[in-house]
Structures are given as C-alpha cells and as structure tokens.
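Both complexes below contain subunit A, partnered by subunit B and then by subunit C.
For the complex of A and B:
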C-alpha cells in the first residue's frame, strides 16, 4: 500500500505531538497506525517484537510512575519512560524512512510550496539519521578490535580521549559522505532555483483519506476528553 | 587571474554544497544533543546537562562553521531545524523563536568576525544558548511544564524539577554551565581542528 509523502509527514507530526502530550491510551491508538502500515510492508517479526516491548514498557511505567522508587528505581522508570515515549516515534520514523524515497519526498514538499532551500537540507537530514548510526556502529566495532571501549578503565582515566577516538572518525567519514552527496546532487542538476519534475506520480488516494481521518479522529477524541 | 570577469554572485553549486552540509550537521547535532542531554535524566545532574551538550557538540559545530560559505542562511536553517524538532516534540513556540534568533545571531557573528578562531568561537558560544534554552519553560510557564513532565517521568523526578523551579538561580546555572561548556569545548575544538581536520584538508 502506497501513501502520499504528505500523508506520511502529517502522520509523523500527529504521532509525535499526541504521544508526547497525551495519556498512554492515545499513544497506543496512534501506535497502531504505523504498525498496521508496516504489516502491509510484510514486516511481521519487527512489528511483533516492537509491539510487545512497547506494551511491557507502557504497563511497567504506568504501574511504577506514582510510586517513589528511590534513585536506582528512578533510572529504571526513566528508561521505561524513554522506551514508551520514543518507540512509537521511532516506528513512525522507521516507516517513513523505509518507504519514502528522496525524490518522492522532494516532490511532496514542492507541491506544498516549501522553498527548495529548506527542502534540500531537510531531505539530506532525514536520509542521514540512519547513516550516522551505521557509521557510528562501524567505528565502534573498529575501535573494539583495538581494545578501545566506551565503558572501560582507560576511558574513565581520560574521558576526552573517547571524543578523539569516536567522534572525530565519525565526523571525517560523514563529511566525506556529504561531499560525495553534494557532487552526486550537482551531477543530477539539483539547484535551489529550478523546479524539478518527478517521475513517480504522487497524489491523494483512498488510503491517504483513511489515515487522515483516523489521525484527526484520535486528535479530536484527545481534545474532547473528560478532564478529571 | 585578474582578467576574469565575474558577476559578483556566489555560484549556486556552492549553495547546494552548503545546504547539504546543513542537513548533515543538523542530523549529527540533533543525535549528539539528545545523547549528551540524557545526562539530565539523573536528577542530581539536571543543571549540568546543558554543559555536556555544549561540550560535545563544539567540535562538529566548529567543522560546520568552517565549511559553510553563506553563514546567515545556513545558521538560520540549521537552528530552524533544531527548533522545529523541539517544537514537534512538545517544547512550545518559545523554543522555536529562540532557535531562529540564535541562528541569526550566530550567522551574523560568523559574518562579522570571519572564519578565524574568533568567529567560530563566538558563533559556538551563541549557539549554545539554543540548547541551554531547552529547560526555559520550567521557569516561564512552570505549571504547564511540570504537567508535561508528569506524563513522562516519575514522581521523584518531577518533585526535583518543582524544587528547582522555586528560585531563578538554577536557571542562571544552566546558562552558565552551557556557556562554560561552549568555552571549554571551543578550545578543545581548536586543538582538534589543528591536529586532525586541517591536516587532512577537511577544514582550512
């Protein structure tokens, strides 16, 4: 099932804002949308693992949040909080990144009359989040082979060394990737002044309407909730 | 070549490179800011979290500033992205406007002082005010912010936040640690730039 890039953007914004300000019932309701959409993409195992971990974190947090659990408990509860709050956002972003190609995203943004000076860095940024993590993981592995770890006695002795061992290789590699990316963009005649055409047809269909209606319904339900 | 006539305009090729750099460094900045601000989840270290963000992000920011050619535009978009990310995550319109203002000021500082150490250093210090403002709603709209954190954190953490919001001194400390982090980070970043990036030709 194919959604319009604008619908995906709307979904991501609604999920973010509802989840970060509403009680857990609404976040479970919102979590369902990307989960079902991912099921259409045949990601059964991923959705199942994510959903069970998410439910465990939400239930655990709801049970423990009113108690004064001490310092260690606070850390555990904070972790649960981060998991329960961040996972739905992660799953939406994962869905958006997995299914949206850069050209579709740019076409969607240009239909919304967003200037290219904003669209180009935004597209690069969205494409770059996974790259940052991948590069960081690869550098971590390389450093592990040389016996340099994030949590070790050596690191404790000289915490700034870890900046040098992890951050600088990361910066060097992503700057190189960035330079290559801008060269690739230039060879495809990407300029902020010209309007681009897109070979993939984008537009609103029935599935977009369903997702829109569902998101708006959840937001309305949230806004009209009985205040205790 | 003195005989070559130019239109005086910067090429649009460098504009694309600048915009790509903004995207890359914005992604890196957001990831690093979130990772280093997680120090603040330990209640005793809330005040120091802004310092750790400024310290860790100084090196990428120095590299970013030295790579861009259109300082004001790039800094404005860069900070606009961070502010929008914060806004979407429930921080309110105040954070977005502070981010845009900080971006403008940092761009102007880069333009005025140039790409030397003075320019990079001052822009870095101005930019750290953006990440330091993340806790500002705790003082400007205390009740709303506490209500917002109550849905996310346990009672002990919220009580600690409420205790902090009683006096303005923790706010001063948050900004002071942020600026201190940026100053220390700036000196580290200068050494790192000389030792690594200038040597391999990534920065001038």
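For the complex of A and C:
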C-alpha cells in the first residue's frame, strides 16, 4: 500500500508528539499505524519482534511504576520506559526510510513549497543512513581482524578507546563519501534552483485519508480526554 | 561538441605557483574519444574536473586561461547548465548514486533537469535496452556489485543525453568482463557522435575505442599517440612512463596444484558458505596455499572471492572455522584501508596488536616497509599507498602467518603497482604466506607464484607461474 510522502511526514510528526506527551493508551494506538503499514510491506518478523518487545515494555512499566522495586528494579523500570517511548519513534522512522524514494520525498516537499535548500540536505540524510551502516560493518570487521574486542582487559582499562577506534575511521570515510556524493549530485544538476519533475506520481488516495483521519481522531481523543 | 583548453593553469591553493595544471592547450573535437593517461598526481583528474565544471565552480583555487565547451566558457556557466552538456561518471561506485532503487537513479538527472515524466520513461526504456540492463531494474542499489553500480551510473548520465561524457577512472573497481561491457558503452556513445573523455590507468580495454591517448606529466601535456602508435613502441616504453600495458597481459603457466608443488602448504578443508541452503555462495572442498609464497585469486565480480577471503580470515563461517583462523593467524588487508587504521600515530598502529609491546621490533617492521620516517604521523594524513603499508605493518606486527589482500592495486598506476608488488615480495621473503585477490594481471605476473581462478563459488583452475 502506497502512501503519499506528505502523509508519511504527517504520520511521523503525530506519532512523535503523541508518544512524548500522551499516556500509554494513546501511544499504543499510534504504534499500531506504522506497524500495520509495515505488515503491508511484508515485514512480518520485524513487526512481530518490535511489537512484542514494545508491548512487554509498556505493560511492564505500567505494572511496576508505582511499586517499590529496589535499585536494580528501578534500572529495569526506567529501561522499560525508554523502550516504550523510543520504539514507536524508531518504527515510524524505519517505515518512512524503507518506503520513501528520494525523488518522491523531494516531490512531496516541493508540493508543500518547502525550498530546495531545506529538502536537499534532508534527502542526503536519508541516503546517508544505509551508507553509515555499511561502513560501520566494514570497520567492525577490521576491528575483529585486529583483535580489538568489546570485552577484554584492554578495553576495560580504557573504555573510550573502543569508541575512538570505531568513530575515527567512520568519520573519515563518511566525510569522504559525503563529498563525493555532493559532487555526483551537482554534476547531475541537483541545485537549489532546479525545477524538478518526478517519474513516480504522488498524490492523495483513500489510504492517505484513512491515515489522516485516524491520526487526527487519536489526537482529538487525547486532547478531549477527561482530566482527573 | 568541441572542448578547448586555452592556456589553462590551475592551482588548489591561492598561488598560481603551486599549479597542478600548467599552461595546457588542448583541443578535443566533437565525436572524439580521448584518453588522459599519466601517473597518479600528474593532474589528469584535474583536467577532467575542468571539463565538467567542478573546477572552477565547486572546488576553490586559482585559475588562469579558459575552458570552452563549444563556444561557451565554463567559468560563465552554472553547474546545472554544464550538466546539460556534460555527463560525468566517477571512480567510486559506492558514492555516486543518490537513490536506493535503480529506476529512480537512472531517472535522477532527467528529473533534476525538469524533463517531463513521460519523456523520462521513454529515455529509461531506451537506455535499458541499449545497455542490456533489464535484469538490474527495480533492484536495491546497495545490493549490486561494483560493476553493476558503475553500469547504472553510466545509464543515468546517458538518460540526460549530454554531448560530452567525462569518465574519471571508471574501471578502478571492475573485473575484466565488466571492463569489456564498459568499453561497449563507450563505443555506443562514440557511434552516436558523442565526445568521450576517459581518465584512466588501465588502457587495454580502450585500445579499440580511443582515438588519442594524451599523456599528462607534471601538469602538462607531454605527448600524445594513437593506441596503435603506443602499442608499436612496446610495453617497456609504456612502463618507463609509468603507464599500464595497452595490450591485455595474458596469464598462463604450468598446470600444477599447490599440493603437487614442493614445500609445505597451508590447507583449508570444507570451505562452504551460503545464505540459503539451496544456493551455496561458496563450495570449496580443499584449498591449499603454498607456505612462504604468493598465491593470486582471480575471478569475476560476484564469483565468491571476497566471501572466501572472509572465511579464511575468520570473519564469517562456523565457530570452529573462526577458531581455526585465529589459531593459524590470518590477517586481511582490506581494499579500503581507511577502515582499518584506528590510532593516532603510525607507531601506535603497529604496537596495537603486538603482545608484548616491543618498540624496537616495531621500528624494524616500519623500516622494512619504508615507513620509519612516518612513525609519529597520523595514519589518516598519509597517502593511499602509505596507509596500505601501515595496514600491512600492523598485520606483520601481530605476528600473523597468512596475510590476505583484497584488491591491493585497484586504481594504481604502473609505478605504484610495482611498489606494492615489491612489498608483497618482501613479505614472502620474511616467510609470510600471501593470498591476493586481484583483477590485475600485471601484478600477478610481477610477483605471484601460483594462481587460483574461481567461478560461481568453486575453484575452476589452478596453476603455477
């Protein structure tokens, strides 16, 4: 099922704001949207794993938050809270990244009259995430090769070293890739003045309406809730 | 469209005295295919950047003289305007695509130029047919091989239909088969009257397409030949100028498996790997590498060479395979050495894997790899070849017996290739066993003792040189 990029943007904003301000019932309601959309993309395992972890965290937190659980328990409860808050944000971002093509995104932004100066850096960012993962994996391999392990006497003595080993090569290589990427874009006429066309037609359909209506309904319910 | 350089000089600094390009006069006619050859750092890439407008419009520096496309001066144009006339393909296939899916990538340039969607569709269809890309449509670019990515990059610039094509070392990461496909694409452009400029170290695949080979040295056009003229002067002449051979070096030799040759060898058994049980990526019952010798591993992109290297080095595979690799002591020198340098100085890099740490021994290793003067330098501040040697030094210092190289000479000129070859020989003389994945027949001929060729995850040929 294909959504318009503008709908996805709206969804991402609503999910983020509801999660950060509303009680858990509303965030479960919001979590459902990207989860269902991902099911349409056939990401069964991913959704199942995320949903069960999320549900466990929410229920666990709600159940335990008023109890006296001791020091270790407090650590567990706060982890649950972080998971229950971060999970929906992660899943909605994952959905947007997985399903939005760069050209669709740019077309959607330009329909909303967002200037290219804002759109282009955002698009580069979307393109950048998979690259960073790719590079990071290669660096991880190199570290294994050198015998630098996460848990060893050496890293215990100097825990920041491991961060440094990972980050420095990553920074060097993504800076280089970033530069090459902008050169490739410039020589192919991606400039702030460009009046782009898009081969993927974008526009609102029934499914967009459903998502909009649902999101608005949840927000309205949240705003009108009886305050005790 | 004609390209003319009129007394062009360029320097990356504020002073024209440091010019990397010095007073160049060059005329490239419409419909011509010109190869810019020369050693690394000779300024040939700078010349290509002057054509596609990155200089002076993107890169800052000091420029004198004029570059004309037809009768327009690039200095008076914008990059968007130039991109209508000039299409560029770059060296690194990983960093020149902007979309994640192939279709959008081919359309990307056209979309930026504001071409109507129906017209773009028509152009994509035509490009796909001309380049035989049917099987690559609708794919995730991150899952394509280097050669496939490079074809998509060519297709994308082709769709915008420029008059001039500029290719900057397009073959650096490609195997021999894919290089031939690239030559076909250039032929097609030429047959349509396009002007093609190729900056390249590897010359053999351009033998039948190039009209002229322009030799650049120290920022000047030193001389030029037709491919036939260069070939007639013989391989020694080309080598003396630091150029790669224009005739494809043919490999061949006495057929013998490593186990038949004298001396000990390191043997791996049962090297298997697959993502899905039914489709093995790799299936090698036995692999033996002669001890203290250099063995080359040849094969096309996607034949399973990198997977084999990772298995041998214990980066993939079962737990027992990984343990065996650790016990044997294997070390992988990656193609992108930037990934494997971690510390703040070259000396630290060598000491990192050394147990116990011994500075005298470390200096000895640095000395043997011509790195002694750089001991206190930051590894990232070194040149590509020096970084590679630092990575090698760290492998030697951690006392590994088998060192695996992944494409150590991709994108290197003749002299640099010889330097790598000398390093490999020196390592073998120290008693290390070397296993070299490569597409470079000249390197193989220069230093390897033994050759293994792979295809579809199996060893199909083995011989000694």
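Assorted remarks:
Rule of thumb we're sticking to: the second predicted complex is superposed on the first by the 211 of 228 C-alpha atoms of A that agree within 3 Å, B and C clash if a C-alpha of one lies under 4 Å from a C-alpha of the other, contacts with A are read in each partner's own complex, and residues count from 1 in each chain.
Quick note on the criterion: contacts are C-beta pairs under 8 Å (C-beta built on N, C-alpha and C of every residue); 3 or more make two chains touch, one makes a residue touch a chain.
Given the structure is predicted, the values throughout are model-derived calculations rather than measurements.
In the superposition on chain A, A:193 contacts both subunit B and subunit C.
By the document's definition of touching, neither partner reaches A:205: not subunit B, not subunit C. By the touch criterion defined above, A:129 reaches subunit B but does not reach subunit C.
Of the two partner chains placed by the overlay, subunit B and subunit C both lie in contact with A:181. When the two structures are aligned on the shared chain, A:172 is found in touch with subunit B and with subunit C. Touch criterion met: A:75 reaches subunit B, while subunit C stays clear of it.
After overlaying the two complexes on the shared chain, residue contacts for A:120 are found with subunit B alone; subunit C is out of touch. By the touch criterion stated above, A:2 is placed in contact with neither subunit B nor subunit C.
Once the two complexes are overlaid on the shared chain, A:163 sits against subunit B while remaining clear of subunit C.
Residue overlap on subunit A between the subunit B contacts of one complex and the subunit C contacts of the other covers 123, 127, 131, 164, 168, 172, 177, 181, 185-186, 190-191, 193.
Looking at the complex, you find that subunit C touches subunit A at residues 52-54, 58, 78-80, 82-84, 86-88, 90, 92, 94-101, 103-104, 107-117, 120-121, 124, 142, 156-157, 160, 310, 313-315, 331-332, 334, 336, 338-343, 352-353, 380, 394, 398.
By the touch criterion given at the top, residues 13, 16-17, 20-23, 64-70, 73-75, 77-78, 81-82, 85, 117-118, 120-129, 131-133, 160, 163-164, 167-168, 170-172, 174-175, 177-179, 181-182, 185-186, 190-193 of subunit A touch subunit B in their complex.
Chain contact summary for the complex, subunit A toward subunit C: residues 101-103, 123, 127, 130-131, 134-135, 138-139, 141-148, 164-165, 168-169, 172-173, 176-177, 180-181, 183-191, 193-201. Contact residues of subunit B toward subunit A in the complex are 12-13, 15-17, 19-24, 26-28, 31, 41-43, 56, 59-60, 63, 67, 73, 77-78, 80-81, 88-90, 148, 151-157, 188, 192, 196-197, 200, 202.
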